[in-house]
Amino acid sequence: MIVGVIREIRDRPKRDPAWLARVFWIGVGLVLLWPLLVATEFRPLALFDAQSRESTRRFLSAMLPPATNGEFLWLVLREAWRTVAIATAGIALALLVAIPATLLSVRVLSVSALSGRMAPAAFACRQLIRWALILLRSIPELIWALVFVRVVGLGPTSGVLAIALTYGGMLGKVYGEILESGDSHVALTLLRNGSGRLQTFLYGVLPQNAAELTSYTVYRWECAIRSSVVLGFVGAGGLGQQLDSSMKMFAGAEVCTMLLVFVALVGFADYVSSWLRRQLG
Amino acid sequence: MSRPPPPPAANPVYRLPPPLFNARCWACWFSLVLIALVGVSFVSLDLQWSAFLSAEAARSMGRFIGEFFPPDVSSGFLTKVLKGTVETLAMSALGTVLAAVAGLVLALPASRLHAGDAAWLRSPARLLLNALRSIPELVWAALLLISAGLGPFAGTLALACHTSGVLGRLYAEAIENAPPGPGFALRAQGIGGIRVFLYATLPQVLPQLVSYTLYRWENNIRAAAVLGVVGAGGLGQLLAFHMGLFHMNKTATILGAMVLLVVLVDALSYGLRRVMTR
Amino acid sequence: MRLELERIEARHPAARPESPAALSIQALTLAAGEQVAVIGPSGAGKTTLLEVAAGAIRPKAGEVRLDGQDPWALGSRGQQRLRGRLFLAPQVPPLPPRQRVVTAVLAGRLPAMSLWSSLRSLFYPVDIPAAHAALEAFDLGDKLFERVDRLSGGERQRVGLARGLLTPASLWLIDEPLSSLDPSRARQALGSLVEVARARGITLLVTLHQVDAALANFSRIVGLRDGTMAFDLPVGEVTNDHLKRLYAQFEDELIPALGGSATAEPTLPGAERPTVSVAPPAMHCR
């Protein structure tokens, strides 16, 4: 019994073994933070010095009241619709790229991976498609838009194509990640019992992840609306082009109206997105 | 002649509840509206497919691409590109970190923490997050240049402002979707909101939050690269300068650096996500 | 803590308003320090009973009193203080998967910790020896710094019970503590629970499927069926007849946990097999 008590006292833990590791990683984080602050010329106090305050005050007072004359509002609404149309068309084309790419690149639909290691050919094929998606994603859509504007001329076509390529890559990659991070038990069981890959996708993978996939797609549609505004700065039409010209003319009131229209637009897209998630789940 | 009522069954007859039926109908309607929207978009935009797919267009594109080669790799220019790369990387990283902190702070009032939570601040907080999120980084940068001056500081703040709206919303949704069991047990013991969040909700959603943040970093590196177009520093400023002067081979180098940077951050983010969610 | 339930009508929070009440109790009183087991088939409302007693579900009618106080009549501060004096252990262990066992167990003590020590405990657990002692009571001492999702289902269930040992509670409401445990572990776990509760004078209300375990460890048994109380008797007065009627049409759920085959009838300790067989209740077949 004495031996038991002594062993118990010796075994009783006193220190948290994870403590040192935590302190180390916090230290690493702080050490990495300093060069970041230096490289970005991070000077928060500069926001509050006299010159900044003066120019901020002047700009904010020029923004209010926002421009509300009928002709301008009609122009803004028309351009807003064109922006949404560019984004919608772009996403529609992006889906044509993303859906097949996802189906071909996810591990969860791999038959050869059922027994442990994936076959090398299947693995290579999947990696290739993943790299293609990454490449499509890496090139900012502004660059694509610049190239297409040179070829097709100013107008929405370049915007639509730029969004289609970039967002195709983005959607494909994230769809793959969503499908792989979800619970794969259902899909594996179906594949093990002999279902085809498309069947497994429709019966096992899609129902579980449909809500997340749809919500991500609608979220990306909102992003596409913002992208199409940015592309407007290089001539792809829509609200962005209008905003660019207003900013160059320092028309603060017009800028304010357009910003308010943005926020309303994205708010509407958000409402649609949450309505959809409720319907799906 | 009326039949006697049938004797009650030992077990009730199984019936499908009505709402499931409704949902299928809604899905049909929604798909229809979606297809209509896409169709109207294509039609109303007056897209110049012929101009894009013609031989003339292909030749023009070929000529344009030809101007990019050979890219300028002189050591002096490469040093400038390296400095721009470091600046862009720092902008994206710091902007994302600031946004993660601000997003978490805003996500707490913006989410319904449990089924009985009144969450008075939910609508205003969500409105604020939406406002932050709606305005693209480029526009934020153009606005913040007024207060912060030219250079990467404005870019960092612009990224932080926009991304805090995005991350705040994603965090709030993750928090709302967290499994309620652990929180329920702690609340049954009378433990208050912030401690329930730290002990029950956050441990469950942290991998997701980290994953969203790292994923946003991947997006922000592309945004940071382009922000320089309005004067917010980094590779974008260099790109706008040289593209304006039609120095296409220098532009090619900068584009190459951008793609490499994006791929690097992509790989880093993926690796970190793998490590942290093991 | 003294627990009183009077004329309770309660529904599950997600149920439709016109659905029948999940729980309908005329009267149930537990004196301070008393230990009661609730048995009954699935869907009898055992979980709803515990949640109503814990003040987690507001009953549609009737009154709950904890030490004479109705939690629903108090303001939110008073409610939280009252809740801090009880412990509800749900059937599914409420442990965040990626949390370590030490933090998960110490979370039980949160009602007694200040905000600052709660925050500090996240970075460095404040009372490792106490957590270790609580886990040792359930034979889990070596899992102190493991992650919860690396434990088996039975181990997680025991960690959920160990959390209760660290609470400042004087009322324990435990839902199916033995569902994932094998017979020897179940014996040990229930034994620890009952012993600690008795030593500290804690009122204990446990729901069980394992009727043998209930009969062997508790002095008072409540039978619940279809949301109503079938009986509320000292263990000596519970007959096989009572059990048969309670579990009619659910005989497959009678689990002898402390040994014996699955088909054996649960017998009262020391009782003899009845020589007269009871006729089965009349069943209507279509």
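We just call them A, B and C in the order they show up, numbering each chain from 1.
Note that contacts are C-beta pairs under 8 Å (C-beta built on N, C-alpha and C of every residue); 3 or more make two chains touch, one makes a residue touch a chain.
Note that this is a predicted model, so its numbers are computed, not measured.
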Chain A to chain B, fewest steps along touching chains: 1
Between the pairs A-C and B-C, the one where more C-beta pairs touch: B-C
Interchain centroid distance [CA atoms averaged], chain A/chain B, Å: 3
Where chain A and chain C are represented by their mean Cα positions, the distance between them in whole Å: 46
Interchain centroid distance [CA atoms averaged], chain B/chain C, Å: 45
Sites on chain A touched by chain B in the complex: 33, 35-37, 39-43, 46-47, 52, 55-56, 59, 81-82, 84-86, 88-89, 92, 134, 137-140, 142-143, 146-148, 150-153, 155-157, 160-161, 174, 226-227, 229-230, 233, 243, 247, 259, 262-263, 265-267, 270, 276, 279
Interface residues, chain B side, partner chain A - complex: 23, 26-27, 30, 37-38, 40-42, 44-49, 51-52, 57, 60-61, 64-65, 86-87, 89-91, 93-94, 97, 127, 130-131, 133-136, 138-139, 142-143, 146-149, 151-153, 155-156, 215, 222, 225-226, 229, 233, 243, 255, 258-259, 262-263, 266
Footprint of chain B on chain C - complex, ascending: 13, 51, 54-56, 79-90, 92, 94-99, 103, 107-108, 110-111, 115, 118-119, 122, 167, 169, 283-286
Residues on chain C engaged by chain A in the complex (per definition of touch): 100, 102, 123-125, 128-129, 132, 141, 144-145
Residue numbers on chain A that touch chain C, as the complex places them: 11-19, 22
